[in-house]
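After this come two complexes, each holding chain A, first together with chain B and then together with chain C.
Right, the complex of A and B next:
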C-alpha cells in the first residue's frame, strides 16, 4: 500500500506512465480472456438475464395492450426495456465476484504489493469484460426485438446525447459494483450483499419499470442518485422520452456521478486497507 | 425412515450452527432476501397503479401467486440449499467422501448447506399471503385452509425437485459454477405472473417441460378457484412427486457416470 501511495503521490516520468498504460491494457485483455475461458457459464448467465428481460417484455405487452400509460406506448416501452437490458449487462459477471473472493481468501495481499494501482487495474479488467458483455447483450436484444416485431430507431434529435449517455453507463456501473465488492473487507459475506445491490440498482435505475411509474419520492431520489444514469437515462434518450434541457441535465448528472463515484471508491479503498486482516503468512 | 429423518435433521442442524457462527452473515442474508422480494412487490404495485387488472388478474391475486413463489423459494433454500453446492462438489471430486458414509448421498448433498435467506423469504411470503387473503374474494372454510397448506407444501416440492434436477447438470457439464441451474431458476421466475401473458411456447415450456408454473400460478388458481387453471392446480401434489422423482433419477444417473477428479 505504501508503495502504491508513494507512486501516486509524485508525477510519474513519461516512460513509467507508458509502462503503466501497457500494463492496464494487458489487464483488460486478461479480463476478457478469463471470461472467455468460462464462456459456457457466462452464456448461461446471459440466458438467465434474458429470461428476466423476457418476462418484463411480456408483462408490459399485456399492460400496454389497453393503451399507453405515463406516456409510454408498447413500441417505446420495448425500446426502453431493451436498452436498459443492455446497460444492465455491463460489469455484471466478473469484477465484484472475483474481488470478493480474493478479499475473502486473502489473495488481495498479492494485489497490494503490485506496482500498479488497484482501482485502475480492476477498471481495466472490467472494461475488457464489458466489451464482450455489451456485444452479447446487443445480440440478445436484437434477437428479442426481432421476435417482438421490431423496435423503433433511436430518436435522431437526442442521438448524440444517447451515445454519450450510453458510454457513461460503464463508469457508473463500475463505481457501484467496485464499491460493493470492497464492502467484503468489512462483511466477509458477499452473496447477500450482491443480491441486495442488484435489487436496489434494478429498482432505482428504472431497469424493470420506467421511474415515472414509481412513487414520487423514488423518482426524486433517483434523479439525484447515480442510479438513474445506469439504465433510465440512456433508455429514455433512446426512446425519445427525454429532450431539451432535461436531457442535457440528465447526462451531466451521469458525468458528475462517474467522477464522484471514482473519488468515493478511492476513499473507501484507503479505509478498507486499514481494516484488512490477512490470515496465515 | 425415522433414522433418515433424524440424520437429515442432524446434518442440517450442524450447518445451522456453523452458519450462525457468523452472525453478521445471518442478518445480511435474511435482510437481503426481504429486500429482494420486497422490491418485487413494489414493482408489481407500480404496474397495477396504472392498470386495474392483467388478463383478468387483479393486484392482490397476483400478490398471492408471487407469495407462492417466495414461500417455495424460502422452504427450498432453508431445507435443501445443498443442491446448489453440487457443481463445486462434483468439480472438485468431493463427492468421494460422501459416497463412503452410510447415509444416502443425495440427502447428504441436500443437507450440506442452509440458506438463511430462506428465512427472510418465509417471513415476507407469509406476510404477503396474510395481506392478500384479506383483499381477494375469498371465503374461509377449514377445507380451504387445509387445501392451501397442502398446496404450499406441494409447490415447495415442485421447486425442490426442479432445483435438484437442474443442478444435476453438474454431472454432465463439469463446470464449478451452477450457472445452468441458475438460468433455469430465472426461467422459473416467469411463474411470478399469470402465465397467460406469455406466448404459447413459453406457456407449454413452463407447464409441461420444466413445470415451474406448478410452484405458483396453478396452485394459486386452485386456492382462488379460478376456472380451468384451478383443476390443474389441484394436481400440484402429483406434479411435486413427479419433479422430486425426476431430480432423484437425474442424481442417480449422474452418480453412475461420476468419476471423481483426476489425481
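Right, the complex of A and C next:
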C-alpha cells in the first residue's frame, strides 16, 4: 500500500505550502525577538556605525565645498552616503554570528532535525532581523539628514528602479553573509572570516566611498561582482547619478546575483552536509 | 492506565525518494513492522593531522595528512515498531554518531539506513516530521526566548493545529509539570527544567520514533525519575524508543531489549531480562547480625560454592552465590543456623554487571545466542 501512496505522490499540496509559509513567518518573528534580547548591544553597534558615517559625511562636506567631484555635489553625496548607510546596516552580523557559533559548537545538529529547510529558515530569521535593522537605520539616517540640512528627494525618473534595487539589497547581503557563515564548516573559526567579509563588502559595495572614486580595476570588478548591488546601486539610483540603460542594467545585475548567490549557497550547503562532522556529544 | 492514543496520525502521504519504495514495505518479523533498519552502517571521521599553531596549519595545506577514525563500524540494526531499545556502550563507543545517522544529521560513510521507510539523510525534512530527537547535552529550545515561544514556533514548523497543540501542552503539563516553565526564558532554566522542556519540544509533534541520547545526564534523582516515567509512558503508548545512555538504571526501567556497542562495533543484541537471567547468575545476600561474629567459616562450610564475606566489625555478613546452584532459602537457613540476624536484603543482578562482563569480553564467549555478535561481512 506504501507503493500506491508513493505513486499517488503529488507536488506539495496547498496545505503543506501553507504550513511552510506559517513556519517561516514564525521564524522571521523569532529572529526579530531573539535580536531584541540583545537590543542594547545592537544599539551600541548602531551608534558606532552612526559615528563612522557622520565623520564620513563631514569629511565629504569639506572636500566637496571646493566644488563637485566625479559628478558628485554635496547634496548628492549626502543622499548617496545615507542610502548606503541604511543598505549597509541590513543583515549585519546577527545571521552569520549565530550560524557560525552553532556550527562550531555542533548545535547545527539540532537545526538539522527540524522539519524545515535550513537556508529558508536562516533567510526568514534574517528577514525578521532586517526589519529591525532597517527601521533603526532609517531613523538614524533621517536624524543625520536633519542635522546636515536635509536631503534631496529621490529622482522621480528612477524612483521605481530605486525601490526594486533597495529590495534586492536584502537577498544579496543575505547570500554573502550566509555563505561566509557556512565557511565555518571548513575553517572551524569565524573571527578572521567575518572581518574579511566585512572588509570586502565595505570596499567593493561602495558603502564608504562611491566606486567612481576608486581605481579603475575595482570599478570594473564591482560591475560584475555582487557587491555593488549591496549599497552602491540603490544609493546611485536614489541620488540620480545613474540613469537610463545603465540603471536598468545595474538592477538586472542585482537580480541575477540574488538568484545566483541563492543557488551557490545551496550548492555550498550540500557540500557542507556531505563533509559535516558534528563536534561534541 | 488507559492512556489515550491520538487519533489516526496524519502521516504524510508524500514519499520523496522512489528508491525507498521497495524497502518501505518493511520486513515483517514476528508480525510487527520494522521501523528502524540499518545494514552495515559505518561512519569514519577524518581528522586532519596538523601540528598546532600557524606553522602546523601551513604545513597541513602543503601536505594534507589525515588520520581516520572509525566511530561506527558496520552495525546492523533492526528495530520493530513499538520496541523500546537501550543502546548502551562506554563513552566514545559511537552511540551518538549512530543516533545522528538515524536522524539524518550525519551521512553514513557506508551502509544503508531506513527509518519508517525513509533514508534519513536524503529525506531529512520529511524524516524530521516523523522522529523526535533529544540530545541530553544540547537544547532544542531557542535560548533567548520563553519556553512557550519555542514551543509555538515548533508548532508552526510541524503544522500542528491549535486545539491539538493545546491538548499536547496540557498533557505535558500533567506529566512533566511544564506549565510553570512556559513563561521562563530558556537561558534561565535549570538543567532539570531544561530537560523537561526539551522533552516537550521533541515530542510535541507525536513522533513515531524517538531517539533519546543521554536524556538523564547530569540530572538529579527526582528529575531522572520523572523523565524515566515519562519515557515509560511513551513506550506504553506504542512509540518506538531508542535510548542511549551509560546510566544503566535508565534501561532497566524502560527497555526490554538491549544493544551493546563498544568501539563502534555491535557486541550484543538481545532481550534484557534474558541477558540478566543467563549472564548474571550471581546474587548477593547481605545480613546485619545481632551479635558480632569472629569468623564465618562455619557458615561457609554449610554453603559450598558460595563466597562468604564478614566485615571487620563482625556485624555485617555478605554471601554471594550462584542462583542456579543455591537458593536464597538455603542461604538464609544456613546463616540462621549459626547466628541471629537483625536485617537482611538481596541485591538483584544489576545490568551494570552484564555490561561490565561484555566490556571484559566475557559475554561474547559465553552466550553465542545473541543475534548479531558475529562480525558481519
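One rule holds in what follows: the second predicted complex is superposed on the first by the 269 of 281 C-alpha atoms of A that agree within 3 Å, B and C clash if a C-alpha of one lies under 4 Å from a C-alpha of the other, contacts with A are read in each partner's own complex, and residues count from 1 in each chain.
Keep in mind that, in the parts below, a residue touches a chain if its C-beta (ideal position, glycine included) is under 8 Å from a C-beta of that chain, and two chains touch if they have at least 3 such contacts.
Fair warning: this is a prediction, and the values are worked out from it, not measured in the lab.
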item: Touched partner set for A:139, first chain B, second chain C, both or neither; value: neither
item: Chain B versus chain C as contact partner of A:37, first or second or both or neither; value: second
item: Which of chain B and chain C A:214 touches, first, second, both or neither; value: first
item: Touching partner for A:271 - first (chain B), second (chain C), both, neither; value: neither
item: Which superposed partner A:163 touches (first chain B, second chain C, both, neither); value: neither
item: Partner chain(s) touched by A:110 [first = chain B, second = chain C, both, neither]; value: second
item: First, second, both or neither for A:153, with chain B first and chain C second; value: neither
item: Which superposed partner A:256 touches (first chain B, second chain C, both, neither); value: neither
item: Residues of chain A at both interfaces, chain B in one complex, chain C in the other; value: 38
item: Chain C-touching residues of chain A, taken from the complex the two chains share; value: 1-3, 5-6, 8-10, 12-13, 15-16, 19, 22-23, 25-27, 30, 33-34, 37-38, 106-107, 109-110, 112-117, 273-274, 276-278, 280-281
item: Chain C - residues contacting chain A, complex; value: 13-16, 18, 20-21, 24-25, 45, 96, 100, 103-107, 117, 121, 124-126, 128-129, 131, 133, 135-140, 142-145, 149, 152-154, 156-159, 205, 213-214
item: Touching residues (chain side chain B, partner chain A) in the complex; value: 22, 24-25, 28-29, 31-33, 35-36, 39, 42-43, 46-47, 49-51, 54-55, 117, 173, 175, 177, 179-180, 182-183, 185-187, 189-190, 192-193, 197-199, 202
item: Residues of chain A that touch chain B when the two form their complex; value: 38, 40-42, 44-45, 47-49, 51-52, 54-55, 58-59, 61-63, 66, 69-70, 187-189, 191-193, 195-196, 198-200, 202-203, 208-209, 213-215
